[in-house]
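Below: a set of structures, written as structure tokens.
Below are two complexes that have chain A in common, paired first with chain B and then with chain C.
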Partner chain A sequence: MDFNMKHIISINDFQREEIDYILDQSKKMEELPQKDKIELFKGKVMASLFFEPSTRTKDSFISACLKMGGNHVGFSDTSSTSLKKGETFADTIRMYEKYSDILVIRHSIEGAARYASEILSIPVINGGDGANQHPTQTLLDLYSIKKSKGSIDNNNILIAGDLKYGRTVHSLSLALSLFDNINLTFVSPPSLRMPDEITEMLRNRGVSFSIYDNLEEAVRDNDIIYMTRIQRERFPNGA
Partner chain B sequence: MNDRPYKVYRIENGTVIDHIQGSKAIRVLHVLGLDTDMNNLITMGINLKSKKFGKKDVIKIENRYLSKKEFDKIAIVSPDATVNVIKDGKRSEKHIVKLPGKINGIIRCPNPDCITRKEKIESVFITQHNEDEIKYRCHYCERSFEKECVSII
Partner chain C sequence: MGLENKKNYDFLIKDVKVPDLKNETFIVRDILILKGILQEISAKITNDIRVIDAKKNLLISDTIDIHVHTRDPGLTHKETLETVLKASARGGFSKVVAMPNTLPVIDDKEKYLDVIRRASKIKGARLFQSCSLSKDLSGKTLNDFEQLISAGCSCFSDDGLALYDSKLMERAMRSLKGSGSSLLLHSQSEGIAPEHANSEIFGVYRDVLLSELTDCPVHIQHVSKKESIEIIVKAKERGVKITCEVCPHHLFLNESNSDLRSSDFKVNPPLRTKLDSKELIKYFSSGFIDVIASDHAPHTSQEKKTSYEEAPYGFSGVETLIPVIFSELYKKRDLNIFKIIRAISINTSKIINADIKGLKTGIRPDFTIVDLDKERMINKEALISKGKNNPFLPYKAECDVQMTVVEGEIVCQNL
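Right, the complex of A and B next:
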């Protein structure tokens, strides 16, 4: 499979075969001795452009880059850059294109990474674009399922928490729809249910799923339980 | 165009937009920018009787021809409208407007956090048909919007 110049912008861009390929490569990377790993990105530079701060995402990319022998440039919030001086988004990313071989971008504006991938001639990885996509998070979730169960097919997966606003559960559910014999159980308070848009897409793709309000009722024969944090600030009266 | 089938002024050269859904003509004029463009003679019939649709609107514009992009704009407001090109009093072309699968630079994304609202980028929408319902999906923020929610640039 040729991943040369392929961007990672949205999990919706991926076919099942491509996801399988990435997960297989990830396993190989995990098993590779450090002395071999350090050769993979030697002499290369990653630009990590975090227009919105996210320490965990940024450090995970930088750690991967360093372990593979690469170097990195970039910023982790926009207060220290020339963006403050009125430089446009397009100007900023075009400048970093000259300095680097790959660009990781995080932005609160939805579609920022897609736009970057269309105007740059180096590969772009989306490290999160507002409420839209965070594809590497989804790939990591899929990798964890595969690692613990041996396969992603044939699993009963329970997903609980804030299913309404949590973008990771939307992306994960849609990605799982590419696999065979997946049963999904969604558990959330009624006010935080999976949006109709997502359930409609799952129905169109023939994925079987059920919806519960109560965790005790829902838990049975699950192979995987995926919990998300419920953000209290979304609740009326802080209940 | 030999007879005068509608109670609307006959034109020698220009465009007749026919079979517009009843009372959508003003919206069609608006999306084509013809409500502010006073250079052409425009006549309009609203809520005319139509055998096929019950009611329909017709717009006739003298000495003005439409582009592909303008066809697409009409299709978003009123699918199934027809565009007739009139030359020397005769119909020289007839087109039925068709909603394109990909709509470039016509729809404004309703999502205020979308990159197309912040940067100078041409919007791109993908038309989604779900049973009888039409939705438009933004290529950038990936959100889908119902027909009624979108506005035209």
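Right, the complex of A and C next:
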């Protein structure tokens, strides 16, 4: 197929074929011997601009970049940047556009990555924007499902934990809705249930799902169990 | 109707220059108004009632300032309906749109109707009172739009307390879409100091995306950064129903000519860089900025005299907007005068769905006459507004408002 997406901003921008393409390419890359892998991004520079702190997302991008022979620039703490002096986000990222071939951005503001993709001419990957989107996490989850089960279609998947504030479970559920014969089981305390807008979208897309408060009652014949932690940092008032 | 009053409803204006905004030409006319009703408009009218010689001064119909804080009820030490509506008329506005952040907040039918009733008794500009988007400006629960619209309210805004919750904003847009009322948004992002440019830029970006998603028309208030206007320009080019305003202080004042550490210049959004001002003027002149508004925010001099941190945000400005923009944009920079006229009249009327009365016979007209050749030194003492916190003053204007007519009545005349 022709893959012509330039940026990875939201999993909602993807068609099933595009997800399949990325997962197939990832498999090919994973299977490459290290001596070939190191050629993939040789001579290229990735800018990782973490306006909001993160360890795993940032380091997994940097690790991938290094393994493919690339180099990286960027920051993960805005206190040391010119932002403190009042520099605009647009000015900051335009400067990094000059230094790099691809930009990975994490920002506390929803929409920051999409805004970046609109004003830059190099590809932008969203490393998480506020409580909104974290598409590469979703692609990784899909890849893991495919790798362990051979296919994403035809799976009973249980998703448990904080379903209200956990952005990864929202994105994963919507991405799974693009696949065939998926059964979803959501388990969470009543106060942390999947938001109505997500369940409504699943219903519109004809995905079958059930909702439970209790894990013991819910677990049965599942192919995949997906657990999340409580997203304390995204609770209102930090409570 | 007293004698004094009668005089203000029956008059003949001689030799006034009437703009034809469509063809961008002028035509000199006489206008006869009897009992507040426009009787005749033609090249030459004779009548022995009160004659006002307009000396070929410029007539602008349906002037509106879309962004004014009246402070009434509750904060009347700063301003009252009486002072602000009279100040607006002196400034050349026949209508103003008031923000709802009074004490209490205008967020229900009773409070809305009380303000409208009190304003209707004042001889000054007509008041369009906006109501808050969220109950008590809390940002938590949406207002009962249906009830307020049925009471006559046509504008909703949380102004300085931007509605941060994107889901709530989306719901507000979905509820108000197609209702004929307008959303006036002070775009700002949570978690970033409001003074930081990014707060405005991300806020504008979000509101533009939500407007696009919901297909609900949205008006962005007081754009101050080049990046914000660039977002708006792109959105307009792809057909998003976005309009925007700028304030005179962001057009002409910036860090190169104002002391930004002084509380006299404290405003939100803050004064920006010289480049931002230059870009705003450029985008205004290329037609991407729809409206010029004052964001009239009166405070007492006591309040403004405190330290920068403690001082409240905002400038008084409804009385100087027209003199300042005609002096700065038309007289000094020679910008297209029709563009300036539209930005304080019909463009604004369209946004808030106000009548565009124009000069049709049989109506009670709203218009202003501006003398573009009369110089006037404006100082704080001359302001009718209680808010003397105007950063332009003292200001040597290269024009003056000759008179303001509201519903066929002369509410302000300056000889």
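Simple rule for what comes next: the second predicted complex is superposed on the first by the 225 of 239 C-alpha atoms of A that agree within 3 Å, B and C clash if a C-alpha of one lies under 4 Å from a C-alpha of the other, contacts with A are read in each partner's own complex, and residues count from 1 in each chain.
We take it that a residue touches a chain if its C-beta (ideal position, glycine included) is under 8 Å from a C-beta of that chain, and two chains touch if they have at least 3 such contacts.
The model shown is predicted, which means the values in this text are computed figures rather than measured ones.
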Three-chain arrangement built on chain A, chain B and chain C clash or fit: clash
Residue contacts with chain A in the superposition, chain B compared against chain C: B
A:R114 touches, of chain B and chain C: first, second, both or neither? both
Partner chain(s) touched by A:S10 [first = chain B, second = chain C, both, neither]: first
Partner chain(s) touched by A:E200 [first = chain B, second = chain C, both, neither]: first
Touched partner set for A:M95, first chain B, second chain C, both or neither: neither
Which superposed partner A:V73 touches (first chain B, second chain C, both, neither): neither
Which superposed partner A:Q133 touches (first chain B, second chain C, both, neither): first
On chain A, positions contacted by chain B and by chain C: 88-90, 108-112, 114-115, 197
Sites on chain A touched by chain B in the complex: 10, 12, 88-90, 108-112, 114-115, 129-133, 197, 200, 204
In the complex, chain C residues that touch chain A: 166-167, 189, 191-192, 196-198, 201-202, 205-206, 209, 225, 227, 230-231, 234
Residue ranges of chain A touching chain C (in the complex, touch as defined): 83, 86, 88-90, 108-112, 114-115, 118-119, 197
Contact set on chain B toward chain A in their complex: 111, 113-116, 118-119, 121, 130, 138-144
